[in-house]
Amino acid sequence: MRRSHPLVVGAVLVGLICILAVVSFFWTPHDPGLVDASIALQPPSRTYPLGTDGFGQDIFSRILVGARICMLVGVMAVTIGALLGVPIGILAGMSRRHVGRRIMRWADIFYAFPALLLAILLAAANGTGSTMTAMIAIGISSIPAFARVANTASRSVMSRDFVAAARSSGIGWTAIAWRHVLPNILPVVLVQVSSALGRAILAEAALSYLGVGTQPTTPTWGRMLYDAQKFVYDHPAQIAVPAVFIAITVLGFNLLGDGLREALDPRLRQEA
Amino acid sequence: MGALLRIRDLRIGFGRAEALHGIDLTVGEGARVGIIGESGSGKSVTALATMGLLPDTARVSGSIELGGRQLVGLSDTGFARLRGDVVSMIFQEPMTALDPTMRVGRQVAEVLRLHQGAPAGRARERVIEMLSQVGLPDPERISMSFPHQLSGGQRQRALIAMALINQPELVICDEPTTALDVTVQARVLRLLDEQLDAAGAACLFISHDLAVVSQVCDEVLVMYRGTIVESGPIAQVLENPQHPYTAGLIATARIDQIEPGRPLPVIENFWDGKEGRP
Amino acid sequence: MRALGAIARQLLSLAGSLLIASFIVFALINALPGDVAATILGPNSDPASIAALRERMGLDRPLLLRYVEWLGGLLTGQPGSSALSGAPIGSIIGPKLAVTAWLATLSMLMGVVLAVPTGLYSAVRRKRADGVIISGLTQVAMAVPHFLVGLVLMIVFAVTLRWLPANGYTPLTSNPLQWLRHLVLPVAAIAVVEAAMLIRYVRSAFIDVLNEDYFRTARAVGWRFVPAVIRHGLRNASLEVITVAGLQLASLFVGSIVVENVFLLPGLGSQLLTAVNQRDLPVVQAIVMIFVAIVLVINTVVDICYHLLDPRVRAQDEETSS
């Protein structure tokens, strides 16, 4: 049981953030957008559990709503990445070796466009960034990682006996991909999903911080950090709250990924 | 003939478990001693303890004397000076036992220069000589090859060259032929036999295969679950085993004596694991 | 000779990737729905000035022609001029490139210097308390974005202790000491996070190597532990680490965009953000292309290193080329 610590801790942290995001739809202690300069930069109190920011907005309410954007962008981006990357990887893994290598080379072009760069490019082309451009940019940049994982895994599935048996009994390629390859590579893809979520949320925070992702009136953790930075000399503690929440979320997904990997790979379990 | 290696009451533990329950063994100068036993019987642990290559989580007590030097409690630096020079070891997996990124000749030369500080030119000559001595064809080419360009048998010969190039007093062989094809096995064994003779080195030969041990060794020890259950000259042990476990080992190895239609003999037919335990 | 052939093939494929990537950058800016001139001038511009800008930037000419011109300009170091000031882009970004290059290379250097010994140490002591603690710390450090580490370092060393400047930059040539003082915090911010990731890879690569039979052979022929690791471990472990480190160096250039903005360093990243906010599309396009080219070149260099280090891969090349 000691072995599954990362899995449990990761699941708890991620679960916590999900709950925050869900709760924000029904209840926040204050209106997260309500500006009131007379109560700016207050320390935590009974009315404002985590204090107020430079505009007098309730930090706790903004954290709750920020969890939404963070999860939304993370989940949508990873969905884009997985839906495009995994089929490319399977296709390459089921092709002959040199054809597969060529397909992967094309997918690798996306490595040249890290999330941040692509998001900036999209924001520039559109005039401003938005939650949508952030999702698309992060999603596209995670394609090659998914393709790579799916490629390696499906190539090893293809060399197994049950695939040879299926092929010799005349089952078509698409059927093999659906019935044999996909179910067998799902565990590795799942591990990749988890660590990709961690990376996507880091990228989302960076984009909001720079102002090229979700636009400022919507509360995001990255933008909260940017706003807090102005008060770094007099109120350095302002950056602590959003910082901790970003770190908890990413840590949660990373641990979840590591835990899943360990649970799925008996060799690693021995080593750890 | 004096004793080269003298092990007394050697106990080795990992965590709460004890892998070796106090064994005694002696290898005379130039003698060939075989250790036989199933996996987990403690034979490899004994070898690794003699080489000082146990993981640092192992607890070792008792005494291992090599040529009068006490090895138990020796520092890693002290051991390193002996390894490859006074005592060397040949392992089971020739396919993976050579560094894949380094040319074979350089790996052999390293062993020479590490202990004798020979200049590069002289070392190269000696390496080529050694490679041809272990029966590698075209030693010049082999020395310039990377491990992945050689066959398993060739790699094991290269490893034997590494083990013998400094003319050690004791060579420990841990299942050196198990991973090889049967035909290659026989040739490598013969080579090992010749080379040990030529170097006058003593040998501790570990195997689970009685036939292999009887080809190389004069004496044999039978190990079972961390103890030595029987020892003696190889002919005597083979003809007249004292311990039922040994009898079982011998019977299961003699496939030629099995009557068609009868089940294959297993150790349990001979010994229930209780009677006659020391 | 065959190794040279393999390198030539890598370079050729780099040229191909650069061409495709440049087309993607160009197309994203110029071919997405929405007029470039209108985007530059913003939502409240009048049609007459939009038409004038279109005229000045030559936007009425065919897309493909403009792409080829831009490509030619890139190759000769003159990829157009700013839509705002009309200044040549080369002269705008030239001085900024040095700042970013210093930031990225120093961070990588510091990251590697931190990560290799620490990773090795935690691999050797993976079952001891300190090894486990290092693993835990890297896990936490990986969950923190660069800019956040930057903010924390700024609060501690610039705001509270006042040892180092919180922001700004001095060129190396005008005052080396000031230059260093300005770079310490941004470099540390990037290096800490990169090192954390690298430590995990170095650790797992060394755990693999320490369990390898050839490492045991090296010990059995008389190498002490540390020399054995240096002679037979480093090279083999580096094969696993180098790919990751290369990808990281690439991500680190991009990460510098954010950190430059935290510490107000006048580098490429700050210039890029400024250009985005000013809607100066030609400048954005050029800077993004520079970053993309840096990433692709690094990846190619990593591939080539990998080929030179691993004789097995070299052998594969020889098989495929013959």
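Each chain carries a letter (A, B and C) given by its place in the written order, and its residues are counted from 1.
Definition applied: a residue touches a chain if its C-beta (ideal position, glycine included) is under 8 Å from a C-beta of that chain, and two chains touch if they have at least 3 such contacts.
Keep in mind it's a predicted model, so treat the numbers as computed, not measured.
Common neighbours of subunit A and subunit C, by the contact definition above: there are none. Each chain's centre was taken as the mean of its CA atoms, and the one lying most distant from subunit C is B. The geometric centre of subunit A is 21 Å away from that of subunit C, both derived from CA atoms.
Taking the mean of the C-alpha atoms as each chain's centre, subunit A and subunit B sit 53 Å apart.
Contacts from subunit A toward subunit C in the complex involve residues 105, 108-109, 111-114, 116-117, 120-127, 198, 202, 205-206, 209-212, 225, 229, 232-233, 236, 239, 243, 246-251, 254-255, 258, 271. Per the touch definition, subunit C reaches subunit B in the complex via residues 127, 212-214, 216-225, 231-232, 235-236, 239, 309-312, 315.
On the side of subunit C, the complex with subunit A involves touching residues 13, 17, 20-21, 24-25, 28-29, 32, 34, 39, 42-43, 139-140, 142-148, 151-152, 154-155, 159-160, 166, 207, 247, 250-251, 254-255, 257-258, 261-262, 272-273, 275-277, 279, 281, 284-285, 288, 291-292, 295-296, 299.
Against subunit C, the residues of subunit B that register as touching in their complex are 51, 53, 57, 76-77, 80-85, 88-89, 91, 93, 96-102, 110-111, 114-115, 146, 148-149, 159, 162-163.
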